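Across the two complexes that follow, chain A remains constant while its partner is chain B and subsequently chain C.
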Partner chain A sequence: MSEPNPRGTEPADSAADSAAVGVLDVAASEEGAKAPKAIEGRSPGQLAWMRLRRDRTARGSIWVLGFFIVIAILAPLIEKVYGLGPTVNSPDLLDRSGLPLGYFGGIDFTTNNASNHIHILGVMPGTGWDIFMQFVYGARTSLIVAALATLLSVVIGVVIGIVAGYLGGWIDQALTWFIDYMLAFPFVLMAIAIIPIVNTYLADSSGYVPPAERMATIIVVFSLFGWMSTARLVRGQVISLREREYVDAARAAGAGRGHIMFKQILPNLWAPILVTFSLSLPATVTAEAALSFLGIGVQQPTPDWGRMINDSLSYMQTDWMYLVIPGFSIWALVLAFNLFGDATRDALDPKSSR
Partner chain B sequence: MRKTVKALAFGALAVGVALSAACTKNTGDSGTNKQAEAQKFIVDYKGETVTPAPEIEGAKSGGTMTVVQEADFEHLDPSQIYVSNALNYSQLFYRTLTTYIETGKEGDPTKLVGDLATNAGETTDGGKTWKYTLRDGLKYEDGSPILSKDIAYTVSRAFGPLGAQGPQFIQAALDANYGKDGGYTGPTADKPYAPGISTPDDKTIIFSFATPHLEVPYLVAFPTTAPIPAAKDTKEKYEREFVSSGPYKRKEYVAGTKLVLEKNPNWDPKTDPLRHQYVDQWVFDMTADPKAQTDRLTAATGPDAAAVMMDNVPPNSIPTVKGNAELMKRVFTGPNQYVYYLNINTTRVTDVDVRRALNYALDRDAYIKALGGPDVADPATTIQSPVLPSYKKFDVYPSLPDGHGDVEKAKKLLEGKTVPKLTFCTSNTTANQNVAAVLVESFKRAGFEITPKFIERSAYYTTIGVKGVDCDLMSSAWGQDYPDSNSVLGVLMDGTKIVAEGNNNYSYFNESTINDKLKTLREMQDRGAAAALYGDLDEQIMKDFAPVVPLRYGRNFTIAGPNVGGTFLNQYSQFNATSSYVKS
Partner chain C sequence: MLRFFVKRALLAVLTLFAISVTVFVLFFMGPADPAASMCGSKACTMAQHEQIVKSLELDKSPVTQYASYMRGVFVGREIGSDSLKIKCEAPCLGVNFRTYEPVKDIIGRTLPITFSIVLGAAVVYVLFGTALGMISAIWRGSIFDRLAAGTALTFASTQIFFLGSLILLIFVYKTGWLPRPQYISPSTDFFGWIGGMLTPWIALGLINSASYSRFSRAQMIETLGEDYIRTARAKGLGMRAVYFRHALRAAITPIVTIAGIDIGGQLGGVAITETTFSLPGMGKTALGAVVSQNLPIVMAVVLFGAVFIVLSNVIVDMLYAVIDPRVKLGSSGR
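Here is the complex of A and B:
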């Protein structure tokens, strides 16, 4: 992908840019102080947004993400308009062995079939469920789990990072050691080990775990094992920020530690936090799909892309379309998130290496 | 830009290739499975079966036969063997008091005959004592004679921990306290034999019971009666160091990997009504999962040309196999003994009309397709399997002709009732998750609100076997232990057998009229007449009480190599080993 860099053609703005995000880069701020060419007042946020808008990759990925987020939010509405639920059996759309009739896994844009309904992405073999509706509700599962888990892990990471970075001393040493300790755990392996144990604990007398609790387990485990990189990053930033004059000023004015950490330093960290957030989201999406693929994620009848892929693998030779759709969905969502994350980083910190 | 064009061209080419590969319209195929016939069954009480076993037509001697399987046999200790694959292949090296003879030809009856014994058993008091006389010239692999005391020892041994995983029927019949305090727990110096076993001479063994047990000829066909010479019993190690009484003996056994059997020169065909010794060597290759087995039998190269697979072709590979006309000639299909039920917990769903409505509402077509279609299963309407002699074909809750059930009738039955919310328990496997969701949807059409509950696979049967379990619907499967309905209806529908835990009557169905009938049938001497009555009872239970929704009869779909001859799928759903030979 050799996407031309639109910012490369705008030297005029670069000075203002670096001033805006100078807190991230001491050298840049000094350079920015030399030649302030500000004609109209723009907040750093506005500037970042402007740069983001000019980035073609960012625009594209925003559209793709927007699409997934909208269908995830509007899933019940789409179901109403489309007129078919995600788990409506249509055995008559399948042949005797349970494979979809017609072309490409039962893709049908006419209502001239056994279910009297269109199936724009075909139907699932075995059940005859509409793949489009599975896709729509699957987006919901993926995004809810990924968004909540990432949010939680970022919150944990930020708090630990700021505390470690600002307080320093033995607290910093202990927390850094703890971060390293947690980083030593192979994440997916731990999830595979822990989730069934937690589920056994949550289960009722007959071994059943309600779907909501199952999902909550995944989210909590993900956030407990996903905060370390954020914490490290934030700690590093805080160490450079805590020596700044405005922090000294606040300290001189008699501000407490909590105030300095969360009211003075934290607002200057939003840019890197946003970037980690948008870059760790796609990792969580794939991890969730991987767990469902391995059979310890969400269960039927909650639609899920990872489980769909697992299910579809055995049909690879007979109904490959079924594998393509969830596979493509995860690929598109993860790619869009990654590109968006990269673009955000570039927009917020144009001096970072590219 | 050039790059983009190139990439686009490649992309288009790739998509085009993919499309053309799949651009065939699936229009479905037609045809139905042939309905299984109820089996004819003969018990040879008089000892009329000839020895040696009649030659198999076209059989040749020599060669090596390979059995491809996924893992080692769970047990090969005769007291522990209960799984059907071991029941089948252990016939190559264990002989039992009685055995079954099948020919695999349509219309030929299955026979229960004397194996080590001269006949299927003699009783003069209505089934309270059974006498077995051993044939002449029986020898172990080392040439020492097989004596009745060895069989008495083996049966007694099965009372202890070494028999814990094996069938428990004969133990429970001989000792009323079996498994409880004061029960017999295996041979000791002062109590060498279990209560009720006596050996008046080297050739006679007598079992005596407190109550009539007409199923004894079936029970002594289990390897529980395969003789173990007490001097060579290595206890736990006997799993690997077994002594052969049949036509083959151990040559090499690498646990979990490979078992090789070679001819046993001390086996005398003149003493055996069942077994042949055509093949020089049997090799059990324990390293291939069902998919790998399918691939190997599809290729059938080298030693695999004379190989059979132990498992069924996985449902998803069936379409590929069916697309290969040459391969289809080597495919063996047929019903197996398993019937799958949706048990309705009758202690929780007490309204029989609700249970009937569930029977009407089930969409069996959707259910069977979710499992992989008619190559994997036939729709079931009875409690008994079609392979049972007592099977009676009936359908008291007929579906509409499209096979999707009869939702209108179900709704009518539910009219004016508040339909209870039901929980449906099933074991947690990927396949089960899909199937459960299909079932839930199919009942939804009649207004049932059902929540699926997935229970860990290893704990599933333990969980639902606890009396008072909080599941309304439970899926289960049952295959008879011996071809008599006492081992089906007598187990699944007998309310007097409900205990605190470890139940098999998952509907917790307890009707005194049915219990009484089952008792009468159990004690009938003429098992043929009893079989017909069991068929009627099956229909009556379904019609009047509907404690289960019969889901499907299991089917086999498995492949043999092109050089395998003389075999067929027998009652263990396995390739019959005792009659097989290697062609060319």
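Here is the complex of A and C:
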């Protein structure tokens, strides 16, 4: 983070410096960059990708995100290589009050201990579970929920936004009011109130809810309350796009509404949609962790960073590593997503200024 | 202007009505047996169960239930059957079935705590964020600018439950530099109130100021590029007057807008902050009520949250129209 926003903002800054001269400068420098090479056609996607690759912050955030995604996908393999599951009790590693023996929450790179196993991030107080494996599987929980919930909410938002923006009239008015109505629900309170109610339906006679169903509930609730901003954005874009000539042409050629909305207009919206998607991912990661922190998200034995933080609070003063490891993990993932989202926006829309 | 206000207010009332219906259906029709869950699984006798069914009018139709709930809100009602009658006065939001405390009193007890956290923190992050953004805009491209942007983004990516816990651990438990978070009524001990609220304010301030600094920076840079700023400079106006009298004023309207919406949203969603700092505000109370399935409390808190959001939106819309003469009302949809 020595250089938080390198190239992304510079064109915008110089443009703002002194309006006309700045714009000319940028145009000239871009011309200069292109001149030596032979002229070749590049799609907007290729251009954006090039800008993204040239951005140092973007490259860094991609590496961090790649790391989290890889450990999430390869979690079972890591478990095999590491040789220890996330929920293996080792009470021998704890002292009589349930705190890990050794330094920094029981971090041990040697096998010279009671469990005969390395614990590179230490063990959890109370149970002696290995924190590294909890971290690995916690990444899985976090990324699955965030990715699916964001994807679902963006899909819902895009469909509603396109329909409202293109059809207009009373449909638009009704949908706009519906968006306002959905936005008026206090999201956190609704989530903590609804999820337990849904779980009472999913539970079997002994009150047990399978982990997959618990996760599905969270994903559905998040997407039901998360699509509104995308819908608003898409609606605004569609209202200006629907007046374009190619839409007129398609209509004149006899294309139906569905075709115009999803085959003609939608492909022209992928840039803003991608930006919303990548900027709402970190918010979903935070929300999921917060829900687990409040004790309403996924339950044991599904590992989860937010729940680890909640769990760590009672040991905070004696074993602070247990608080720092999951907290740092969530922070790193969210920061990487945020930086990546900003870089994506800069790459897709070079005119945007921060 | 008046027509716009009336239309906006009517729409807000319609939204609130729809939300109250939705929440009612969700919470009172949702669980298989609300009376049983409210009664508690262990100590519930048949008589108690019966009493809750009667008093909630669970044996009647949903429409009747909703009607009597709303009648309670506006004119008050009597809850309970013959054996135990609770008189619940005008803004009646139901009764806590464990303690027979009116929900209204619970809200009245917890609301000042939530207000203290949210409004105090808002003052911190709006002022701090705007100042940071202004300085960044003035020293654009400098080390300070980059450092401020980086630090702000770093803090914006932290979670309140992690940052808050860290602050508690380092500055309260280990060093004792900051007082423990607690709520003391500002009317009895003003400085005690500030001291008790200091930790949540700092944590929320650090997390939320990033968006304000970003926004005010962009707005300032845009304004400083305007022609009238050059004119002001050309006629010999000092830089300080330019920054404060022109650039800041242009940035303030949108910042007020965002702050209004933020505050409305946070009033309904501080459960996480309150849990982190163990402050018994509205959100934490609702959380406890969810765990013990105490529906009247959950319902009331969610409705309050919705009222705050809708109200803040209306206020911001109207404020915007009053502050900014460029906003033409009526010509466009909103």
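Going forward, the second predicted complex is superposed on the first by the 316 of 354 C-alpha atoms of A that agree within 3 Å, B and C clash if a C-alpha of one lies under 4 Å from a C-alpha of the other, contacts with A are read in each partner's own complex, and residues count from 1 in each chain.
In the analysis below, a residue touches a chain if its C-beta (ideal position, glycine included) is under 8 Å from a C-beta of that chain, and two chains touch if they have at least 3 such contacts.
As the structure is a prediction and not an experimental result, all values here were calculated from the model.
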item	value
Partner chain(s) touched by A:Thr318 [first = chain B, second = chain C, both, neither]	first
Touched partner set for A:Ile144, first chain B, second chain C, both or neither	neither
Partner, of chain C and chain B, that touches more residues belonging to chain A	C
First, second, both or neither for A:Leu74, with chain B first and chain C second	neither
Contacts of A:Gly126 with chain B and chain C, given as first, second, both or neither	first
First (chain B), second (chain C), both or neither touched by A:Ile156	neither
First, second, both or neither for A:Leu99, with chain B first and chain C second	first
Partner chain in contact with A:Gly295 - chain B first, chain C second, else both or neither	both
Contacts of A:Asn338 with chain B and chain C, given as first, second, both or neither	second
Shared chain A contacts, counted only where both chain B and chain C touch the same residue	200, 295, 310, 317, 320
Sites on chain B touched by chain A in the complex	3, 18, 22-23, 25-31, 314-320, 322, 363, 365-366, 368-375, 402-404, 425, 428, 430, 433-434, 436-438, 440-442, 452-456, 459, 463-464, 469-471
Parts of chain A lying in touch with chain B, wherever the complex brings them together	2, 87-89, 91-92, 94-104, 126-128, 200, 205-208, 295, 299-301, 307, 310-311, 314-315, 317-318, 320-321
Complex contacts: residues of chain C adjacent to chain A	11, 14-16, 18-19, 26-27, 30-32, 37, 140-141, 146-147, 149-150, 153-154, 156-162, 165-166, 168-169, 173-174, 214, 217-218, 221-222, 224-225, 265, 268-269, 271-272, 275, 283, 286-287, 290-291, 293, 298, 301-302, 305-306, 308-310, 313, 333
In the complex with chain C, residue positions of chain A that touch it	1, 3-5, 13, 16-19, 173, 176-177, 180-181, 183-190, 192-194, 196-197, 200-201, 282, 286, 289-290, 293-296, 306, 309-310, 312-313, 316-317, 320, 323-324, 327, 330-331, 334-335, 338-339, 353-354
